[in-house]
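You will see two complexes here that share chain A, one where it goes with chain B and one where it goes with chain C.
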Partner chain A sequence: MNTSIDKLNSNPKPESQKPQWEQDFPIDVEQDNYVARRDFTKFMVLTSFAFVVGQCWIGMENFIRRRRGKPPARAIAMLSQVPVGSALPFAYPGENDPCLLMRRSEAELVAYGQKCTHLSCAVVPKMELGQLLCPCHEGCFDMSNGRPLSGPPRRPLPIITLEVRGGTIYATGVQERTV
Partner chain B sequence: MLSETQNFYIVPSRCIGCQACVQACGECDTHKGTPMIHLEFIDRGDSTQTTPVVCMHCENPTCAQVCPADAIKKTADGVVQSARKPRCIACSNCVLACPFGVPKMKSDFELMMKCDMCYDRTSEGKRPMCATVCPSQALFFGTREEIAALRPRSRAVNEFKFGRELVRTKVSMMVPIGATTEHLDVTAAMEATSTARRVQLNVVTDDSEFDVMTASMFDAEGASR
Partner chain C sequence: MTPLQRKPSLQHRTSIVYGILSIVMILVILQLWLLTATMNAFLGGDSAVIWPAAAASLVCLLLNLGLLWNLYALERK
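Showing the complex of A and B:
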């Protein structure tokens, strides 16, 4: 019995000779703090690396978007189809990009993306108030420039640039804005 | 940080079973109402002898080795701390693994709680709560010289053998100066059948004069507690 005494328990090995799992989950507080610090540093380095990759990704997306250029102009409606004080929904530039065309006076034609900048509900034109109202959270946009007036949205609606050629209204581009 | 010179000595033969240590431990603010010291009857059927059981603070704590949640840690001064509350998953591995039966699972809190030698007190140079109240000085906290002068007929033992494992502890037990080192043949107990209310474990001595001596370690009540 004497010769077979297991020395494993009586003599803790130095940290470097322990198996990997024991090094990762040490019993001594100081070593545990060291591992915690090491893990924290590892987390910080990997997170900042992920941020760098994310920034590169955004930059690349921007570059590709710019290379793609402006969407082609498209006829929306005849001028006669939109009487003063009325609004007309249309899709531009893609099928799934709902927009609103509004004729506020004889000369003033405006168009905005219809998705509320808060949570993408469809905004409803209130011609008599000169506002676009989002019914979901009572967000309000100014019809003259698309900027938010009240409610949760903080960013303005994208402007659809328009052109009238020979009685036909054309959408010529989308002006995304952040402020 | 615990003082280098001071240490904990248990003198089981001096214990009178008054429960003062248990009461004092339970009053401590860090674990109010839950005593972390156990008062055990050595052989309840035949004797009134009791002994206080505090954490022995092993050099290489088995409880910490078996903890799957990494909750039990040992500070640089050799004190094995109680389970860290945010980490402990109440799996009771440590309760089963500890050769001294020290950790207890508090299922109300889903937390293992064990003696940490009153780390809040001893790290500031004060004695553990139990050692301050023990009327017969069965629990003694002080220097090796002090205990040697106080108990000249005893010697401190801090190495224990359980089967093939040698466990070296920070806390020492005071045994009669001429006593031989004994250890339990724990593996033999696996084949032994219990008689009546008693589980028998072989005590193997290092000297060949006592080859196999039988001692009762637990009565059935003590074992189930």
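Showing the complex of A and C:
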């Protein structure tokens, strides 16, 4: 019964009448298709397992981040060091977390993480346009709120919260956002 | 051996594998979407979705394992 169906798919000619290539490489196409799809299915289940491991890894990273807690406040510059219309790079909370402090007017100070939310290139302030530009893929962020205006980035830049005490500017925390 | 217990033909088994593969692919694509959405939320500081998404991904894996078990059962017949 089974063999009759299989026979429909194979070359019915006797071995001697088959073309030379079929005699040299007697591939059973049906069997080959079956094995290929079956093994691909197994590989996809392995991929599925890898995705669960990835999800758990994110959970562990989140646990570590929570344990680290809120970063301590740190003096980053004197107010006199940042004239209106200028920007000053600094690192906060760690030495490998580059940020930008910008003074847009006498009373308006803003600071954002300098890593573009697309692929972590350093963003460059364009004070005259009120924008932060990522030169790698021409991503553009609004300087007033850090939200993306154009280009590939979808998430806003993290806000560095600031406090001015006695003429000194302190970074007091990091606000990461999805929108 | 009753007709129902007979080992399916190769053509029949290939059709079953195609069916299983289609469902597995849909579940894996769903997991990929879950992973990217969770990563985006995590990088944006939102941790509320992390464990529910991990649970949903685990459910998808269990469904996939069930389908894989069916695939092995098909071989054993």
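Everything that follows uses one rule, which is that the second predicted complex is superposed on the first by the 115 of 179 C-alpha atoms of A that agree within 3 Å, B and C clash if a C-alpha of one lies under 4 Å from a C-alpha of the other, contacts with A are read in each partner's own complex, and residues count from 1 in each chain.
What we mean here is this: a residue touches a chain if its C-beta (ideal position, glycine included) is under 8 Å from a C-beta of that chain, and two chains touch if they have at least 3 such contacts.
These numbers were taken from a predicted model, which means no experiment stands behind them.
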| item | value |
| --- | --- |
| Contacts of A:55 with chain B and chain C, given as first, second, both or neither | second |
| Which superposed partner A:42 touches (first chain B, second chain C, both, neither) | second |
| Partner, of chain C and chain B, that touches more residues belonging to chain A | C |
| Touched partner set for A:30, first chain B, second chain C, both or neither | both |
| Partner chain(s) touched by A:96 [first = chain B, second = chain C, both, neither] | neither |
| Partner chain in contact with A:66 - chain B first, chain C second, else both or neither | second |
| Common ground on chain A, meaning residues reached by chain C in one complex and by chain B in the other | 1-2, 5-6, 9, 30 |
| Touch list for chain B against partner chain A, complex | 58-62, 64-65, 70, 72-76, 81, 159, 161, 164-168, 185, 204, 206 |
| Residues of chain A defined as touching chain C within the complex | 1-2, 5-6, 9, 30-31, 33-34, 37-38, 40-42, 44-45, 47-49, 51-52, 54-56, 58-59, 61-62, 65-66, 117, 154-155, 158, 175-179 |
| In the complex with chain B, residue positions of chain A that touch it | 1-2, 4-12, 25, 27-30, 32 |
| Contact footprint of chain A on chain C as seen in their complex | 6-14, 17-18, 20-21, 24-25, 27-28, 31-32, 34-35, 38-47, 50-51, 53-54, 57-58, 60-61, 64-65, 67-68, 71, 75 |
